[in-house]
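Sharing a structure with you now.
Labels run A, B and C following the written order; every chain starts at residue 1.
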Amino acid sequence: MIEVRAIEKVYRGGGGLLSQRAVKALRGVSLTLKDGEAISLIGESGCGKTTLGRIIAGLETYSQGELVFDGTPLSQVPPGDRPQWFHRVQLVQQDPYGALNPARTLGNALVDPLKLQAKHLGKDATWTRERARELLNLVGLDPEATLYKYPHNLSGGQRQRFVVARALTVDPKVLVADEAVSMIDVSLRLGILSLLSDLRVRLGISVIFITHDVAAARYVARDGVICVIYRGEIVEYGRTDDIIRSPVHPYTQALLSAMPVLRGLEKPGPDRFIPSQDLDTQAQDEAGCLFRSRCRFATERCGREHPNLVALDGGERLHACFYPQARDVVPVPVG
Amino acid sequence: MGSVAVEPAQASALDRDVACRVRGLTVTYKVDNRELSALRDVDLDIRQGQITAVIGESGSGKSTLALALMNAVSKPGRIAAGKVTYRDLGEVTAMDSERLRRARGRSLSMVFQASQNSLNPLTRVGAQLLDLARSHDMRDPRAVLREAAALAERMSLDADRVLTSYQHQLSGGMRQRVGIIFGLVLKPQVLLLDEPTTALDVLSQSSVLEIVRSIQRERQLTTVLITHDMGVVAELADRVVVLYAGRVVEEAPTTELIRHPRHPYTRALIQAIPRLTGDPSLARPLEGQPPSLAAIPTTGCVFRGRCPHRMEVCETSTPGISQVSDTDHRYACHWEGAAND
Amino acid sequence: MSAAVIFPPDQAPTTARNPSLATIAWRALTRKSGRIIGVLILLFFISMAIFGPMLYPKQLPINGANLYAPPSWAHPLGTDFEGTGVLAEIVTGSRYVLSAAALAALFTIAVGTFMGIVSGYFLGLTDNIIMRITDFILTIPGFPLLIVLSTIWSFGSPIAMGVVLGLTGWGGLARAVRSQTLSLRERGFIEAARGLGLSNGHIIGREILPNIAPYIAMNLLLSVTGAIYAEVGLFFLGVIPFQANNWGVMLNLAFGNGAMYTPQSLLYMISPMACIMLVTFGIVLTLDALDEILNPRLREG
């Protein structure tokens, strides 16, 4: 189980020596991920979802807050042991082209971490070889056709499968998939998404799926939760079905509205709207709701007060809006 | 609905509603002294004032088709056979390089993927627009700049800021809109959009699609949309052409194609889209990979390697074009089931 | 999800293992005739440097009656101002020139690559220290230093010459390798290797090094030719009191003894120059193959 407790991340930079401006990537995010659970983090580019994933994978530090693995806070782990500790969380990167070393065979890329694991478990070289084949089969790649190849011999979809296999070499408990399908043809995306859900069910691995594509988020976390992030804050959180069926935060509704409608099979939801303004990542911090300037329903109160994350109707659904209201923005199936 | 086999349409004088006619287009690439076909015998009509989408996976030949439509296939590729004829320009496949240069960017304009950085990183956007105007001998380059500013305002961009910016100062969504401004500013007759929203997040994508849609409607602009994303097709296109391994396997009006796909590939493609409605576990991944250029079968059906309905005849005979009766829905498949919804 | 994957014909499962390095090298070399010529040229000069001097007496004979003789069976490249065979001088002189150059190049490559990778990968204090040393090395004017050093050092042995050339030459390479490492460092596969717990030694040796190997190979060429030019230049200028025979000394003596003014001595002057050119040419041709051997993408073209 992983707990993220009020994590904040501030980047220093921009401006000259005197006007050092801090950019807040995360503003106190808290989350709990149970073993074997799937959670989708959704939001547009620059909302902080990638930063959060990288922090959980130990690839980035945080400024405030605490990360707790199975009840042990990271701050109580000696710094020397931390890398070891983070092995249980493996990141599947967005770019399957950059994630593999072009100068080495795929076999080597898989066997290297396996050798470490073999040493750790007291296994021999035969185990390493068999395990490599087993993992490739698991992700739907033919071992004999893969092991002796170089990354450039594989298509984007095959590479991403391979990256997943490599992440599995260290027996992780959590996979963080950061936009793992956005660089792959739409036709092949579902294959990767179903691989992720399949691994979760078969191996009991938790999956943190980071995306801007709500339909993909729904597919991976269909029996899990969706967490909507806007400018470093959670603005809505709940069971996937609830979030998709009755989103209450205008930002969630904007994300859902933006999804293409498969005309012919679906028609636009009655409340669908197209948000026009882009996210201004350079925007200054302001009092009140951060989404206010793009929100169609903002009132004078939204400019004055900051809405905190609260439970909806006392349930486990959370939202950060003064005027939560479910709207039908999701496409409606026809005939 | 039943189906009848039809002869492929003959090249003739262009009808009023056809802006561009492609007949028998074959593009080959020379690899290791072998001529490999990236496009094979492609017939296509691009309707005047409509958005025609070409959908295909990586390696389907869709980008090659975009280049061939401008006769811009470069070595080691070449147009080995076929004609591309525009109603207003004539046959681009028979033009000399100077006439082509004038046509491209002016009458035919192409918008590239934002991530491909088609802007010069060292020059401001406004200066590049002026260069574009001059290279097409516009009498009043300033007017082009004014037109660009007007387009920018249409796209809810700050025109002054955008025109004085360098590429790196723009976000992905802004860059794509600037790309579209470049595509539209000289008032082309045909606009080609190559993966206009790939690499954008959903919010940027939906606003870019909205912009394209409204400007296209307003100007009745003939548009060709090249993409791998059925969602983008569904949002924008009037007609869809499905390309697989260099061949057109199905062609229909968009809603008809999505509602009643005929070809097994199109069916699989639509089933493989994660959706917001319906039972997510009903979505089926499309198995396998599209063949590489060297592995495209030269006889028989190109899709048979991944087809759940493959038969013996698929190995030996290239499927002809069938037409769904009384519609302009065409597909190329031997399987009898393809005739039914 | 079903694990069944249909493979298109070109990706059909093969059990063929990857070819060994020797096979890859052989294929790359024989792909273009120029590469074979390059290797033959290099082999020729290397064997000349190793075995050539054994064919001649330690002190080459002088013959006052046969000055600036035209080519003959006894002296295929004619004779010099003392009547010594030019071919004999070329052959016996090759060992010094080539071994010093090889030593200098190896030293440059080894130190430059190591310093560059370590600096670019670890960053921080390590980087600061190494880069300050590198900057110091870069500010040393190499050629004048050699001239100064030669006043206290005779450079009779090629080892001394090679070490000095190497010591002053690695700065540029280290800087270039560092910047390459910095950009590789940001690539996903390096991050993945770290996330998987692979050691720094592994990441440097197995992940980063193979990616900059083609670049280093290119630098090998520049180092070898640079070292040859530097040492030949030194001897040619005559700033080094030479004992040993080598190509630079030959050029110096040729000029010093009026070779410029007698057309008969043309061969005496041209021969060492031609050798230097041939060696450079051989290296260029061979490196073309080396790039392909080290880059899996080029291998299949």
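Throughout what follows, a contact is a pair of C-beta atoms (placed from the backbone, for glycine too) under 8 Å apart; a residue touches a chain by one contact, two chains touch by 3 or more.
This is a predicted model, so every value here is computed, not measured.
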item	value
Residual chain clusters - subunit B taken out, nothing else repositioned	one piece
Pair of chains joined by more contacts [C-beta pairs], A-C or A-B	A-B
Separation of mean Cα positions, subunit C and subunit B [Å, integer]	52
Interchain centroid distance [CA atoms averaged], subunit A/subunit B, Å	31
Chain centre separation (subunit A, subunit C; CA means) in Å	50
Subunit B: positions in contact with at least two other chains	285, 287, 289-290
Touching two or more other chains - residue numbers and ranges from subunit A	191, 194
Shared-contact residues (touching 2 or more other chains) in subunit C	1, 4-5, 7, 11
Residues of subunit A defined as touching subunit C within the complex	57-59, 83-84, 86-87, 90-91, 93, 95, 98-105, 108-109, 112-113, 116, 137-138, 140-142, 144-145, 148, 150, 152-153, 163, 166-167, 169-170, 191, 194-195, 197-198
Subunit B-facing residues of subunit A, complex	44-45, 155-158, 182-183, 185-191, 193-194, 212-216, 218-219, 222, 244, 254-266, 274-279, 281, 330-333
Touching residues (chain side subunit C, partner subunit A) in the complex	1, 3-5, 7, 11-18, 187-189, 191-198, 202, 206-207, 210-211, 213, 294-297
Footprint of subunit A on subunit B - complex, ascending	57-59, 156, 171-174, 199, 201-207, 209-210, 228-232, 234-235, 254-259, 268-270, 272-278, 280-281, 283-287, 289-290
